[in-house]
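One chain, chain A, appears in both complexes that follow, with chain B as partner in the first and chain C in the second.
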Partner chain A sequence: MTDDFANPWLYRLKWAYMLLIVTTLMAPVMYVMYISFNANGFGANEYVFTWEWYGLIFQDQLLLGALRWTLSLAVVVTLIAVPMALVSAKLYKQSTNKLPIVFLMLAPLFVPPDILGSALLVFFKNLNLTFAWFGDLLGVSFMDGWFQLGFSTAVIGLIIYTIPYSFIVILITMGRYRSEQTEAARACGADGWRAFWDIEFPQIRAGVFSACSFTVILCFNEYTRTSLLKGGFDTFTTVLISQMLNTGMSPQSYAMSSLVSFIAIAVIGSIIVFTMIRSDSLSRTARAKAAPVMST
Partner chain B sequence: MSVMSPQGFDGLAPVKATAPPLRERLARGIFYLPIIFMVLFFALPMALTVVFSVFERTMFWMEPGFTLFSYENFFFSARLTNFLDSMKYSAIAVAICFVLGFPIAVFIRKSLPQVAQHRVILLFILPFMVSEIIRVFALRPVLQRNGLVNTTLQDWGVINEPITALLYTHTGVVIGEVLSFLPFIVFSGFLAMEAVPKHIFEICDDLGVGTWRKFRDVILPLAAPGIFAGSVFIFVNGLGVALLPNILGGAGAVNAGLIATQAITALDFPLAMAVSAIMMATLMGLLYIGHRLFDLTKILTPLN
Partner chain C sequence: MTSQPKQPAVEVRNLCKNYGSVRALRNVDLTIEAGEYFVLLGPSGGGKTTLLRTIGGFHKATSGQVLLNGRDVGHLPPDQRSTTMVFQAYALFPHMTVLANVGYGLSVAGLPKREVAEKSAAMLDMVGLTGFADRKPHELSGGQQQRVQLARAMVLDRDILLLDEPLAALDAQLRKDMCLELKHLQEKVGITFIHVTHNQEEAMTVADRIALVADGELVEHGRARDIYRAPERRFTASFVGENNLLTGHVSDVNGVSCTVDVAGAQLKVQKRGKEVRGGQSVDLSIRSELVGLSRASDANAGADGHSILGSYDESVYLGLTTSHLVRLPNGVEMISRSISDSLDDMPEPGEPVRLHWQPEAIRLHVN
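Coming up: the complex of A and B.
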């Protein structure tokens, strides 16, 4: 083995360093959570614990409306983006020329939010004008609203943003699936859908569900692309940032930020715990199979 | 299991290999839908930024034409200085992220048992799952004059006066970039270290090679594609995320993302498109150089 085990203190020191980095990354969020429970708000000399600000969130109509919009965006994006990522991961597995697929699917990761948002904004406005012009030419008006900035354009922007993450997560889980199983299913007479749904899907389900929760969380958290493409309505982050930049953080916005962070951390935390339990049980089964009891 | 001979099926013909029915052919078409979607709504808009950037600006919109005014507007103004400055600070952020984050990736790959590796990596997804807005904005109460860092340091007696250079400066932006993007160098480093099998470390240890030489001559060449991809990611996002200079930066802290969004607010759409086109050119140029130097497709080996 390596020198780490020869020198346990060095090994522990490295662990401590890693946990220190994670804690540092999380510290600002923890600090916001800490402030959100203070009855006197940020910077006060006296710290009095309270749930008050959390109660006030649910009376704030602006925030509640924003939450509703964000939630519907997140649900629609997840319902479209995750199946798309799944289908393209399958295409990636089957195809011989993988580079164009992987480039198209992962490139959005490298395009900064403001650049993608601006490019899509101008693109959609031009599309909208083109369709309106085309409609005038034909004397019909039903195309006037196509690609007008609004819910659908925000959905498209968010799909492009979230699809690389789902693609990677699903592809990693697919790595454990052996395609011979599909071949066997097809040889037994199952059609393509049945082979997928009854044989492959149960084995990659964990990846698909993780991709879903990632997508929901990413949609909730995204600000730039949504704010550039959303048109009229407000989402949670756009309300939050307008408050932050105009009136400063209110105790309610601290509470709201903490609440959303709590939920995100809880979701990811449960995924981590779930995968741990699952991999434990998987390795136990694998061990059992590796050393079977010789009964016959 | 017994194998049946064809004669066993009394008159029944064996399963024929016919052309797939229409339903299956349609189903095959579905596989290409995401590709079509990404070409239409991602590749095309990004490519069109070049076209729109040479359009003429009108009062509230733009009209087809050919002018290089937007590029002139970018290259012969303070915008270029700001852009180059943000490149410098972004590069500093990349270096800090690498120094802080890459050893973690090496440690996870080298010293942890295989099953534990992915779980530990998941720890770094945790901060990434909290909204970037909240994380960046939360830095204000942490870094400001009476914030967490200054009060703690004063309580410990390390400093007498609060440090004001931490916020609304380039330093603030770099701190924000490091805290936002550090997990990515851990992820890409983790993927990159897939190319460095564990036994290589044992060989190095047997030969009694020092840490620095091990890093320079063994780890770095093998893990270069992944390190490069992670660094480009951080560099480009440091240039393109307007939120960071907007919230943490002071005067002069302007990056490409901020120039683009400010141009959109000012209804100067051709300028915004020119900035986007310049950013895309920078990104493509970097990826091309990286691909020529290290063959970036190697990063994908673990996925296949």
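Coming up: the complex of A and C.
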């Protein structure tokens, strides 16, 4: 509390409000975690703690396959979408006419997911027919499957979906960067790439890594576009949802969901703790150095 | 064997730079000798930074040439020119230590780490920052940060150092100290410094020569002392020093001088080679410290051509000096500046006074 005249009870109330919001958001996840350790599964009267479902995850080929597909999609989408977003953010910073760039980059956010997914589905099907027809004209067949629904079409759909988020996250960290530093590096003899890699990237690295994490999480989270464009319900979210809708979730599905949540919380939590410890260490170092050293 | 004539460090020929319809530089011609401390002085938005950045390769000229040591470099980016630059602020690399900042250019050039560390430490010593090597830029004061920028630029051993308002972000006292440090450093290393500023005191302190840049044009250039004492152009007189500017019409032309009618007074002024004709509108300038003030009385009432009558307005105490403001009959205000307390008996406001000067103190400006 920095305002000496602020009401301390109001301050505590704000904290309580924030905790309530976080608890409300996290309660369902915590509940899934709780169920995942119950030997009797969801809805049972008796709670018996067990690790069994976690052991069974690695025997459930459907879940493991889905996880593998989603991870592959997430990795490929991240490797393509984040550099594209980075280049776009740099273009935005350099451009004097910023509005068209922002509009173009954020446009996918304003299209509802099922409309974008079905539009892409129709587009890919037509594109596939066009290439097949063109291949027939040329008497070749290698183009026939270029835009058949599968991994690559899902990747394109997910890139369109995730790139606006990456763009915004990177742009926020770029906001603090001063272009004078790039010019100073150029004045020191660095070419454009070297100036970016040595000077700019270390300062926007946090944003780029955040964009990567965000993209991976979005790929795990996405259902509509993936189910329409991947062809077959075999990605992590589509498997979980189809299980839930058709047969109800299996205990190992709860375990798998919890495991993914545990990993996400551990990774993000570690980053936050590491950042806080480092920030504290840096400020202690700065205070220690603040004892004046006289220049000669 | 005949020795080659020494090439100027910088030559700018007929340089133009446009931003759309805005003409930031108009046909600028300039020559800066090697080893000179050259200052580009002018009001904000006048084009001096654009000129500096075009020399450094941060802008591409719309037309004209930039030659560094006799070589046309108009097509080269900044990293391939024999220049380096000190920026106004925010240009240190915040994620690097002071030592790493200074050694960055040497690392880019591929020097061994040990040599980079040795040269950087020596340069830090030169700018008086020994003991600060392991600090990060945010742990330094503004003045120290600018010295790190200087060290980072000078360690590269380039021919020409460009300084873009390097002292603008510093407080007044620090700016004065840094001015002298810059001047001494330049004398020590002997390379060409090109310094942009809008502060005339800063320019006078450091410059061997000054160029005035305004509205995209090079108004006037010359030795710092000449620019101050004998401005050729009216703009120079208005921008450098504290000059009284008077506008009048030529009433008589004879030989080396002419008479100009200003607020009913016939003022004599040397033509100094300028062509004038009767009835022509001209400007006169005279530095406030060269204008004397006395009460108008019968003893000094005669029109001698080197004085003018007015009514005393007020005095402004400035510490070392005091400015006396006098209103002329045509409403124009003139200033007479004298050492404070040298005038024991100050006139009352509204009292008639006479402003007078030596014949050579007043200058004629013809546009």
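General remarks:
FYI, the second predicted complex is superposed on the first by the 267 of 296 C-alpha atoms of A that agree within 3 Å, B and C clash if a C-alpha of one lies under 4 Å from a C-alpha of the other, contacts with A are read in each partner's own complex, and residues count from 1 in each chain.
Keep this in mind: a residue touches a chain if its C-beta (ideal position, glycine included) is under 8 Å from a C-beta of that chain, and two chains touch if they have at least 3 such contacts.
Since the structure is predicted, the reported quantities are computational estimates derived from the model, not experimental observations.
By the touch criterion defined above, A:D191 reaches both chain B and chain C. Contact with neither chain B nor chain C is seen for A:D136 once the two complexes are overlaid on the shared chain.
When the two complexes are overlaid on their common chain A, residue A:Q203 makes contact with chain C while staying clear of chain B.
Once the two complexes are laid over each other on the shared chain, residue contacts for A:Q181 go to chain C alone; chain B is not touched.
In the superposed model, A:A107 makes contact with chain B only, not with chain C. With both complexes superposed, B is the one of chain B and chain C in contact with more chain A residues. Comparing the two interfaces of chain A, the one with chain B and the one with chain C have residues 189, 191-192 in common.
By the touch rule above, chain C contacts chain A in their complex via residues 56-58, 77-79, 83-85, 87-95, 104-105, 108-109, 125, 128-132, 135-136, 138-139, 144, 147, 149, 152-153, 156, 162.
The touching residues of chain A, counted against chain C in their complex, run 178, 180-181, 183-192, 194, 198-199, 202-203, 286, 289-290, 293-296. Per the touch definition, chain B reaches chain A in the complex via residues 15, 24, 27, 30-35, 37-39, 41-46, 48-49, 52, 61, 100-101, 103-104, 107-108, 110-111, 115, 118-120, 122-127, 129-135, 137-139, 141-142, 146, 148, 179, 182-183, 198, 201-202, 205, 232-233, 236-237, 239-243, 247, 256-258, 260-261, 263-264, 269, 272-273, 275-276, 279-280, 283, 287, 297, 300, 302-304. Within the complex formed with chain B, the residues of chain A that make contact are 1-5, 11, 14, 17-18, 21-22, 24-29, 31-32, 35, 42-43, 84-85, 87-88, 90-91, 94, 98-99, 101-102, 104-105, 107-123, 125-126, 156, 159-160, 163, 168, 171-172, 175, 189, 191-193, 214, 217, 220-224, 228, 237, 240-241, 244, 249, 257, 260-261, 264-265, 267-269, 271-272, 275-276, 279, 283.
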